[in-house]
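The structures come next, written out as structure tokens.
Two complexes follow with chain A in common, the first pairing it with chain B and the second with chain C.
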Partner chain A sequence: MITAPESPAVIETNPFPHWFQREQAAALADYESTPAPTRRDEAWRFASLKALDLSAFVPAPEIASEGKLINASTGLGDFAARFVFGNNALVHHEAPALPEGVIVEPLDVAAYEHEALFRAYFMAQPVELGSHKYARLHKAMLTGGVLVHVPKNVEVALPIELFYWVEGENSSVFPHTLIVLGDNAKVTVIDHFKSADGARAFACGINDFHLGRGSQLTYAAVQDWSRDTLAFHLNSTLVGRDATATALLANFGGGYVRGESLSKLAHDGGRSVMLSMNLADGTREIDQHTLQDHAAKHASSDLLYQNVVDDAARTIFAGIIRVQEGESQTDAYQRVRNLLLTDDAIAVSMPGLEILNDDVRCTHGATSGGLDPDELFYMQARGISKKLAARLIVAGRFNSLVERIDNEALRDRLRAVIADRLGV
Partner chain B sequence: MSLSIQNLTANIGDLPILKGITLEVPKGEVHAIMGKNGSGKSTLAKIMAGHPDYTVTGGDVLMDGRSLFEIAGPDERARAGLFLAFQYPMEIPGVTIANFIRAAIQSRLAEGEELEATDYYANLYAKMDALKIPRAFTSRSVNEGFSGGEKKRCEILQMAMLEPKYAVLDETDSGLDIDALKIVSEGVNALRSPDRGFLVITHYQRLLDYIVPDRVHVMVDGRIAMSGDKNLALELEARGYDWVTETAAEPALA
Partner chain C sequence: MSAILEPTAKPQIDIDRSVGDFRYDVDYSYDAGVGLNEATIDYICDVKKDPAWIREFRKDAYRKFLEKPMPTHWASHDLDNIVFENIRYYLSQGTQASRTWDDVPEEMKRTFERLGIPEQERKYLAGVEAQFDSEAAYSNIKAAVGEQGVIFVGSTEGLQKHPEIFRKWFGKVIPTGDNKFSALNSAVFSGGSFIYVPPGVKVKHPLQAYFRINAQNFGQFERTLIIADEGAEVMYMEGCTAPKFETATLHSAVVELVALKGAKIQYVTVQNWSANVFNLVTKRGLAHEEAEIKWIDCNIGSRLTMKYPSVVMKGRKARGEVISIALANDGQHQDTGAKMIHAADETTSNVVSKSISIGSGQATYRGLVDIPPHHRGCRNNTECDALLINTHSRTDTYPTIITRGNRNACQHEASVSKVSAEQIFYMQQRGLNQGQAMSLAVNGFVNDLVREFPMEYSVELKRLIDLEMEGSVG
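Moving on to the complex of A and B:
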């Protein structure tokens, strides 16, 4: 699939400045020299490695149904900005309610016009949870993506909504959302990852968040790629002093979906809330790896993943809480709940602790179980069929996570997405 | 037209719980069942509603002449007009009262027919107001974090919204404060009609001052040991269940 960036074909269409193109060429070389994951790698122990075969994928062509996609990119009634990408290209953008000084720009524009920001923050966090090879590929192939920068003391009242579409058989897309918040800045962002035509595709996305002192980020991602899509979503959040990040990742689509989420609490008083709702059905495999990395005092992290596994699908969760030496008075919670709807459904949970300190409060645990027969009976006794009751219970679990989001418009939007996906 | 329980016997596993229950609730009437803890009252209610844990070993329950046991699932029985207010209502995290009741009503509509949202909410709010359930409850998860009394009120709200032909209320009065008892009783009385029958399971005679029953049945060890009019509840209160056991051998009261 890979066209070396040196080749004229890529140079012509590559929108980035030359200095970055050279970095991309280096990233491609790194990608190629990095060995593919094997079963012996701890981070890939349970993954279906044959899903990682990239040979069929091709660079995404120009989008054919631009107007249709733009029309379908509706979500929030009111938004501060909306950007729509189709096959990596920006096809629509509007910013009706962005406060003075807030930057929402495609990354290629940002690389020219906000070079210092771009250089300081673009992929500044190492990818530590297993997919470094694919992060290098992402960098090498990047053409789209968005930088959101909210300067010090600015609050963006309405959410920013980003749509990343893929179209065409075996198309490859590389979504990227980079959010940089100055001190005491506040913003809400939602990413939508969608397939235009249901065709098999390759999506390799990165979301990087940098929170300045006292800033607040509320972020949601709704991943709804087509059923055969191979998807990587690599997330990192760097939480500043007294800052709070709340991120909700919804995985509703894809074939093999690899999610990696790292929250680094590098400054005192930081807080990271890591939420995820995962609907694995058919033969989908959702393989998630998380790290709550505490390197500061009085920091807290709270992770709750709700997995629903139907049919012959699989979820894998491997999460680590790491408290570095000397970092006291830490609260870290990690909880995974697996709801298994069939006998063939599989949920693998591997919670882990690396605590190098004793003045910490950590709890972690994973629970797995089926639907509660008494809950089902109660609902059936109201005239609701067993099938619908199950869907309502699943939607209910997901909606309980949505309650943790502090933005009402976003909550409403997420509830609507859940209701739509589950047909309730 | 009646809910007719005919010599019903049922087991849980190999253990017989119901040992031959016969009673008939004609449409338009309210019957009460009283009886000691563990005598089988909730079991009877759940078996009629179709709980999968019990095995019916004999007898029948006819709803307006149609055997409940020929109606496969609990949901179909409910849609056919049977309602059970649970002794212990279940919590459903993340499913709001409004969405839950809406799903239940929608399930009764023909394929392709959609519930009109404004009518639905108008109806829901009117019934909540009558039961003095704050409107804010519509967006709360079903029974989650509700007090005991709030759960019971919501059971009655669901009954009022679903308008069943026959309703079985299993200890709906337990956990209610005095005011709530009146409100809930008024709610039930408002639904009394020639087209509807009630089977009210209770431990407290006081409820029957508010919801005055046509008949009172006393259940002992999986059987109806005694039946009578509303005064039987008073007599029971005065004499206790031992009196029933002792007199049960004699011919039943009228």
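Moving on to the complex of A and C:
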């Protein structure tokens, strides 16, 4: 059981300052007193609740194969910084091309050295899409994670690359990427979530993005946990005035994956692009909840989720576009496309709108269906096997999302990941 | 459309409302009193001379009603404002409906004449049932239609005189415990229609029911069961009004449709309850092989409407359709939608919903499309469009689409917009005032759906929408 006395919230070797340790202890108490989700909770309506049993999980031990993990942490050829965590501990970091003033630090260091930033932004946005309980657990258990801070008017040319590894049966990890951009700052960040072995594990990660005025964030996450891992990925993006956030979430691994993504557009002219590619096979379940929360003028959001469901797997998409009262000229778009490959595949779509203002243009769409027989036939007529043709079509859908990323190195990397995962 | 363009004096919104906003004092012979308990149910059974199985059915339903929680974990908290112990559950002057208007008690006859029901009957209806509070005051079917074997009577008469058909389907499409309000209806139901159309009979003209609430603090719980036998076709229309009272009124109907092989049922509703009525209705149809069920639903009145007409397509190539128009004005919440259950291969369904929110009105679309495991060739198309008129108008869309297997296809699209300033400007330039321009734009928004209604209703609908738009701008 992971809330045993050795949890960081209560142990003496906790790396965080005392004030934060007290918050962690409070978070742990909150976690324990918050009831687990039930079928009557709208946010958990279709989820396989029995997957949420945490009793088998234990605190992650020190990793055994540090060198192997570091060697396997390769992605981009050139990067501004690369951090590697193994079972919550920082095992490697290098920062060959960080401009002056840019902070990339482990959170426990940042809590001391950049306390004001840490206090102002760390989990400042409450988790409201159903996983409050697990967000509290994350805070209580946190030891690793990274703060990226790009000050005003600074542009980081090369991407920052972060690796979060888990190793060992029933290990628990709590990855955290906190990105704070000053006005007109610009950065590209990629997170890799990986299992060192095929063991079942528990991952409960949080991403917090805060975009200052006119800033630009390009973010990608490639989630490739082992096929039995229970994973939470809770993201929030707070978009500043005239700022633009583009986030692409790729879910290739995990057994039950709960994703929650909030984009809050509380400042005029903000823009958030929310993209996700999800490949569910076997009996895996990918359960995603999104909120495009508009409370400013001339803000726009654009969401496109591509789900591919194979074997007896399930995907759930529940998204809401909310336009608050009193704001205007909102442009919001939301689309989920489900491709079902077998007779046993299940895709649930719940694209929602809550509009409290008339001066809007909001649309959403959801489509579900199998492969187009004409497309398959076309490729088969040209000597491509049906199996490969299906994979090419899936790769095509995923790559259409990659095109929306405005960093060539990152695009190449993502295409390679997709090709690798699909075997095309 | 020409009515809108006439630059003459505009009718006031009050005129429209007053169509249904009047009441006559009626002496009720039967009154179950205020509140609900087992004794209330026994009273209703005694008055209606219910058979023993119905008494048992009602009591079982009452227990389920008590057990079920309010669905406020997803629905409006306004439901908590319903005080069940303040409601009168049964009021009538007798359980026997008259066959001629001459025999209808005077106050009721005056009521229906003022609403234009006898006139409509003469003009274009194949049969009419007029319900006043708990029981039908009038029920008649044209001789020619009756001779074809079509049965059109009240639910009480249906269960007493045609038990062999009634009992086979009653409560089978919507189980008692489907939801709290279907349980309540099952416990205290009275009135509503029972229709049976024999194999191959196509009823040319619509059958109509009109539901009138006259008494204050009253709950109307009609129960309708329509069975179209193999290859039969029927169209049923219902309308409803109530006067404006100080206190809330509850209308909670259960409507079950059964379309046997190749049959077609169209069910048209124009709901114009006064703005103090809670309208919580469960409507579901069962479509057998190659049968077609179409709900055409228009919600203009009520305080809170919760209504999601459903079609369970249980036979191959069955088809379901819902056409829905909702207009939510100040203080109103129209929570409407559709449910499509594709329980057989090659079933198809179509949902088109348009809503308009005016002032502080709130329109909600809630939908379900479900393709259970191992079916093929199922298709659904859903389109929901919402129009917002004022800055504090509200609209919500909550669809749920469950697709299983790779041989089916579902598509859902929704949009929310306002009337464009350019459109209004264009029309104003051509001499319309702002209100007229807005009215024309709104009518244009729903025009393609209004055309789906029978002609007499579509004219009425356009007029209602015009009137509701009055004073909404500026």
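Methods note: the second predicted complex is superposed on the first by the 414 of 424 C-alpha atoms of A that agree within 3 Å, B and C clash if a C-alpha of one lies under 4 Å from a C-alpha of the other, contacts with A are read in each partner's own complex, and residues count from 1 in each chain.
Here is the rule we use: contacts are C-beta pairs under 8 Å (C-beta built on N, C-alpha and C of every residue); 3 or more make two chains touch, one makes a residue touch a chain.
All of these numbers come straight from a predicted model, not from anything done at the bench.
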item	value
Room on chain A for both chain B and chain C (clash or fit)	fit
Which of chain B and chain C A:362 touches, first, second, both or neither	second
First (chain B), second (chain C), both or neither touched by A:312	neither
Touching partner for A:51 - first (chain B), second (chain C), both, neither	neither
Which of chain B and chain C A:26 touches, first, second, both or neither	neither
C-alpha centroid angle, chain C to chain B via chain A, nearest 10°	80
Minimum distance between Cα atoms of chain B and chain C in the superposition (Å)	15
Contacts on chain A seen with chain B and repeated with chain C across the two complexes	none
List of chain B residues in touch with chain A within their complex	46, 49-53, 73-75, 78-79, 83-84, 86, 89-95, 99-101, 103-104, 107-108, 141, 158, 162
In the complex, chain A residues that touch chain C	40-42, 46, 325-326, 328, 338, 340-371
Residues on chain C engaged by chain A in the complex (per definition of touch)	73-74, 373-374, 386, 388-418
Touch list for chain A against partner chain B, complex	372-375, 377-386, 388-389, 392-393, 395-400, 403, 424
